[in-house]
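Note that chain A is present in both complexes that follow, paired respectively with chain B and with chain C.
Let's look at the complex of A and B:
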């Protein structure tokens, strides 16, 4: 029965696979290749230097800092974002008290909340980053002005200018800008959970807490897992680059004393700065490994029985 | 994805395939694919244009009909001055077509062109995205501009271009050896900028020793004005006044040792004295609150609003801050305040040097055209036009007669005159951009001025950065004689 199935599928996929190989796989191979050279990015000449870039990377303090920050992003951001999104989605969809005869409903005004949460999604990440950069301005930004307005004028942190706060400030922005997406994603997932389950749980006298952990979360597990990986990759890659590059200080971003440098930004700094494109590809390879490792760990940890309904 | 479904019959389900490819796509796209844009080109296939006929009007033997490709940094000086010069080129060579393009993204646009072997003929390599000069020189990507310097000047056939330039301009274009790789068009005076009106209202004069400086600061503070602010998120503005102060304290050789990455160059007592003096400003509360979080525009605006008295900056500030500067601001620049009478160099010692470096790539098709365009820009008329429109001196020596100078410009000319030969010119920023901006500036001085490092810790840290750079074989080193 299964005979020839792969050939059949491959027949359909040959064009997309070829495009994929050309535009996705090939650049990878190129990047890995260049990481063994001394290419500057300023002229086409280069020669092979073996593992020099790698040994240099291992001794590079800034690289270790960037790696550490990227790992913090990959662990903390999905945890916070998805936790918040699950809570919001649950309250919007099933967290409400019984009213109007419906057994399962969201809290009052849930339609409005849905729009509010999703709102940051319509803004480009660059605009979000700029807005927050202004808000964090220590002398006349919105946050410190608000502190002054409520009589907390003595607390005027330097936010992005303070190495202890800068990384947290950046992470808050990423959470703010992505949580709405997951609220919508999880809402869709929750809508597909049969209502009878909830009704049965209510009849049994289950409270919101039990309902969430016994019904909603297990049935939503696949969506949560995909969301986790998606968020982790955002946190490791493009979005973290954008916010750090735009918001934080220094010649090309990276915060005071390298306090917000992340791997993708470090790749950029090396590729488009001092003519060290090959070294940049080396850091890119490290970033690739970290990302793959992250996905593998999440899939491994998240493995569990799929529930059928 | 990873779930062991009960009815998984071992085949490759449609859903699973899509899930897997989606996951793979998600993994791969954001990570490295943007690097693919820099895939190395395959060398220089383009040929240089033939030279034209040499004549008195065309000393560089420009090919009269060859097109010229000119890319300008569109920054604080705008682009009008270059456009005006392009018009003259087009008038002199009516058959030549000039492609003029101004951008702020110098590196983003030009790095791929260098890498592909098709760079433009003339570039103003400046701004935040300036390409690393050390790397360009180290990779033999630039043309030696000696031919231009030895050509007859635009105004006087009996004078070479090199004889019409301000002192230091030619030397600044050199890295090692006698070749001149770049020609700085603007002439920038760095120093302590202030409103003379505000200083007068405090009934003080510009301080020449550090005790006087602290007295001025205390007086300002009593009136509710912070004495200092600086570009907190670009702390490499601090060296504009700190470096010449170090030279004044310990002699110009201290800076030379720093430029040459000599071991323990930063441990010189003069460095310590000056760092401690600046640190005192922070400790005594003379720096505007929140300064470490302000960028250059924000800090300049606070300063033009009169919230801070002094700011370390370059002479472009008059143009850049003109929008927020009150009409009666009476802008002036002061040479860095010294420590006391035992300083090695007199008060007036100043950092002044070229700005807006123009380069002609070695793989440009029309090198003579690029140099000729520069020669036109270095004429008296073009230089006057520049000075008048952007309130900055140019590399052309003179050219200020008969121009109605703004207060800031007047102060610049006077300060330069007072400095005389005591002009210092640190090179560390041109040679080792990352070291100066990211390490010494942001991770060193920025941290110290925010009060998070003591001067001793800062010196130790900066010496470590310098040693690191000195050891790094991938960075080309240069030496000052």
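Let's look at the complex of A and C:
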């Protein structure tokens, strides 16, 4: 197998590696480098200014707001989404009892639920964000009209226009659009748990709570953990950018009084707004650090003995 | 009736529920297990079925509302948002398709996604094959270089990426976008396919090689066909990601002629919002929604398997 091996390897790797290096690695290295300069992005000139961008960032109120919101996203969104998804997936796969002669099955209609819950996942986040933007519209959106229709006309929240509600409204949309993916993901994981475990537990008189916490969750732990990281990266990254950018008002998104600004959106505003490209990459580096830290914390907290089955 | 369906069979031998238990199939001996669960079970059943149904409604209703609105007049959307359309106003759809350029956005998206999906699969499988099945110095390093990309926030690279494309005169071009999509799809694709190629038996490849096939020929004629299930999974994953991509085109592709669907829709929302053409906008939204939803319903099994294959051990 040695003949021409290295030529073959090089031939197969050169194009993918070149593309990857040029469009992914190189821009990342450049970004980190630019964060130590005063580059405006408008002219090619810049000089090194050390850590000035970083000290400026630490005094930037909007940065702290964006960081705070991003952290809320990274903690609350996975918690709610994965909690809901675990509950649904458990009901769909294990919740039913003694149908079709098996010890554990899903509740009736589980196949239907699995298909429907997944709908939002195949839709573009832009479509989802636009859809909800109209639904949230305070004067003639679907939600406030529905409230009127059921006699709750006195409750007409401003939704995205209310600084206290806007962030929650945005998070609801992200939960809505991702729960289905995790339901299906966890269902796939649950399907691989041997049925005898459940049968044995049932013989011992375990109820559903015990079954869930003693069997399903521990055996599903790896999947839950990788799902947790996936959701956190999503909540810190491009998805949250798209939702906030499209849904919330303000010059280029960010909500009333920056009430919905998140780190990726702030990077975008600085980068393609008022000629502060270097400062934008500095915030971007902060975002990278937060993302890596988040992944490290989840892995650390989630570490436990691996269960083999 | 949904809420009670599991109970009769559920707790066989548990007091005053005689008939259904008897008709249940007597498959196993372990039928008598969870007694004393009835009260709790019933409350739980009502609650959890309620939650399941509620969430199904919460998913479906916004989508149905959009479809309904796309067939209404603007006035009806605002005055009676929850009623059915008086008649089907198809003119909204034709207006969105032609005047609002949905047809152009569709065509652009099809071209970009077609090109980048093919490129991603080809280049990704080439790199993954080499990384999975050949020992050479630097193998591990290149592998981790690729996988590391999965945890980078794309937004950080956007500013320099913008200038890389500008310097290569590929800003606002479809082929530039295609190459960028491929590059950013490589990390997951290589990660997934490397694992997949490792699971394939090496004896077949060796036999082909002994028969005189070159490495390249072995790859294209033997290994790639064997890897078809993996390619389908990762292909679906990439298709959805690239079809729905919003961030990259928003930054790298601002020429109104070349917009892709997601950014075209947002553009539409801004401009139609000023014109007050909400029905046209809804038609545009539904138009963009339907193809993927339809494809999902038809290929439901493959999509789900494709999207979850990478994450479940």
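We take it that the second predicted complex is superposed on the first by the 283 of 309 C-alpha atoms of A that agree within 3 Å, B and C clash if a C-alpha of one lies under 4 Å from a C-alpha of the other, contacts with A are read in each partner's own complex, and residues count from 1 in each chain.
Heads up, the rule we're going with is that contacts are C-beta pairs under 8 Å (C-beta built on N, C-alpha and C of every residue); 3 or more make two chains touch, one makes a residue touch a chain.
In this text, all values refer to a predicted model and were calculated from it rather than measured experimentally.
Participant: By the touch definition at the top of the document, which applies to A:206: first (chain B), second (chain C), both, or neither?
Facilitator: second
Participant: So, A:246: does it touch chain B (first), chain C (second), both, or neither?
Facilitator: In the superposed model, A:246 contacts chain C only, not chain B.
Participant: Examine A:9 and indicate which partner it touches, taking first as chain B and second as chain C; both and neither are also allowed.
Facilitator: A:9 sits against chain B and chain C alike.
Participant: For A:302, select first, second, both or neither according to whether it touches chain B, chain C, the two together, or no partner.
Facilitator: Once the two structures are laid over each other on A, A:302 reaches chain B alone.
Participant: In the overlay, answer first, second, both or neither for which of chain B and chain C A:273 touches.
Facilitator: A:273 sits against chain B, while chain C stays out of touch.
Participant: By residue count, is chain A touched more by chain B or by chain C?
Facilitator: With both complexes superposed on chain A, more residues of chain A are touched by C.
Participant: According to the stated criteria, A:293 is in contact with first (chain B), second (chain C), both, or neither; which is it?
Facilitator: Neither partner.
Participant: May I ask you to decide whether A:222 touches chain B, chain C, both, or neither, giving the answer as first, second, both or neither?
Facilitator: Both: A:222 reaches chain B and chain C.
Participant: Regarding the shared-chain residue A:38, is it in contact with chain B (first), chain C (second), both, or neither?
Facilitator: So A:38 only meets chain B here.
Participant: So in the superposed three-chain picture, is A:158 touching just chain B, just chain C, both, or none of them (first/second/both/neither)?
Facilitator: In the superposed model, A:158 contacts chain B only, not chain C.
Participant: Following superposition on chain A, which residues of chain A contact chain B and also contact chain C?
Facilitator: Of chain A, residues 5-6, 9, 20, 23-28, 30-31, 34, 41, 222, 226, 230, 233, 236-238, 264, 267, 271-272, 277, 280-281, 284-285, 287-288, 291-292, 295 contact chain B in one complex and chain C in the other.
Participant: Write out the stretch or stretches of chain C touching chain A in their complex.
Facilitator: 2, 5-6, 9-12, 24-25, 27-28, 30-31, 33-37, 40-41, 44, 48-49, 51-52, 55-56, 58-60, 62-63, 65-66, 77-78, 81-82, 123-124, 126-127, 129-130, 134, 136, 142, 145-146, 149, 151-161, 164, 179-180, 182-184, 186-187, 190, 206, 209, 214-216, 219, 240, 243-244, 246-247, 250-251, 261-263, 265-266, 269, 278, 281-282, 285, 288-289, 292-293, 295-297, 300, 303-304, 307-308, 311-313
Participant: Any idea which chain B residues touch chain A in the complex?
Facilitator: Those in contact with chain A are residues 1-7, 10-12, 17, 19, 23, 25-33, 35-36, 38-44, 107-108, 111, 114-117, 128-129, 131-132, 134-136, 138-141, 232-234, 236, 288-290, 292-295, 298, 302, 433-434, 437-438, 441-443, 446-447, 450, 452, 474-475.
Participant: Which chain A residues qualify as touching chain C in the complex?
Facilitator: Touch list, chain A to chain C: 1, 4-6, 8-9, 11-13, 15-17, 19-20, 22-28, 30-31, 34, 41, 84, 87-88, 91-92, 95-99, 101, 103, 107-109, 112-127, 130-135, 140-142, 145-146, 149, 176, 179-181, 184-185, 188-189, 192, 199, 202-203, 205-208, 222-223, 226-227, 230, 233, 236-238, 241-242, 245-246, 264, 267-268, 271-272, 277, 280-281, 284-285, 287-288, 291-292, 295.
Participant: Give the list of chain A residues in touch with chain B in this complex.
Facilitator: 2, 5-6, 9, 20, 23-28, 30-31, 34, 38-46, 56, 136-139, 144, 156, 158-163, 222, 225-226, 229-230, 233-234, 236-238, 249-252, 254, 256-258, 264, 267, 271-277, 279-281, 284-285, 287-288, 291-292, 295, 299-300, 302-306, 308
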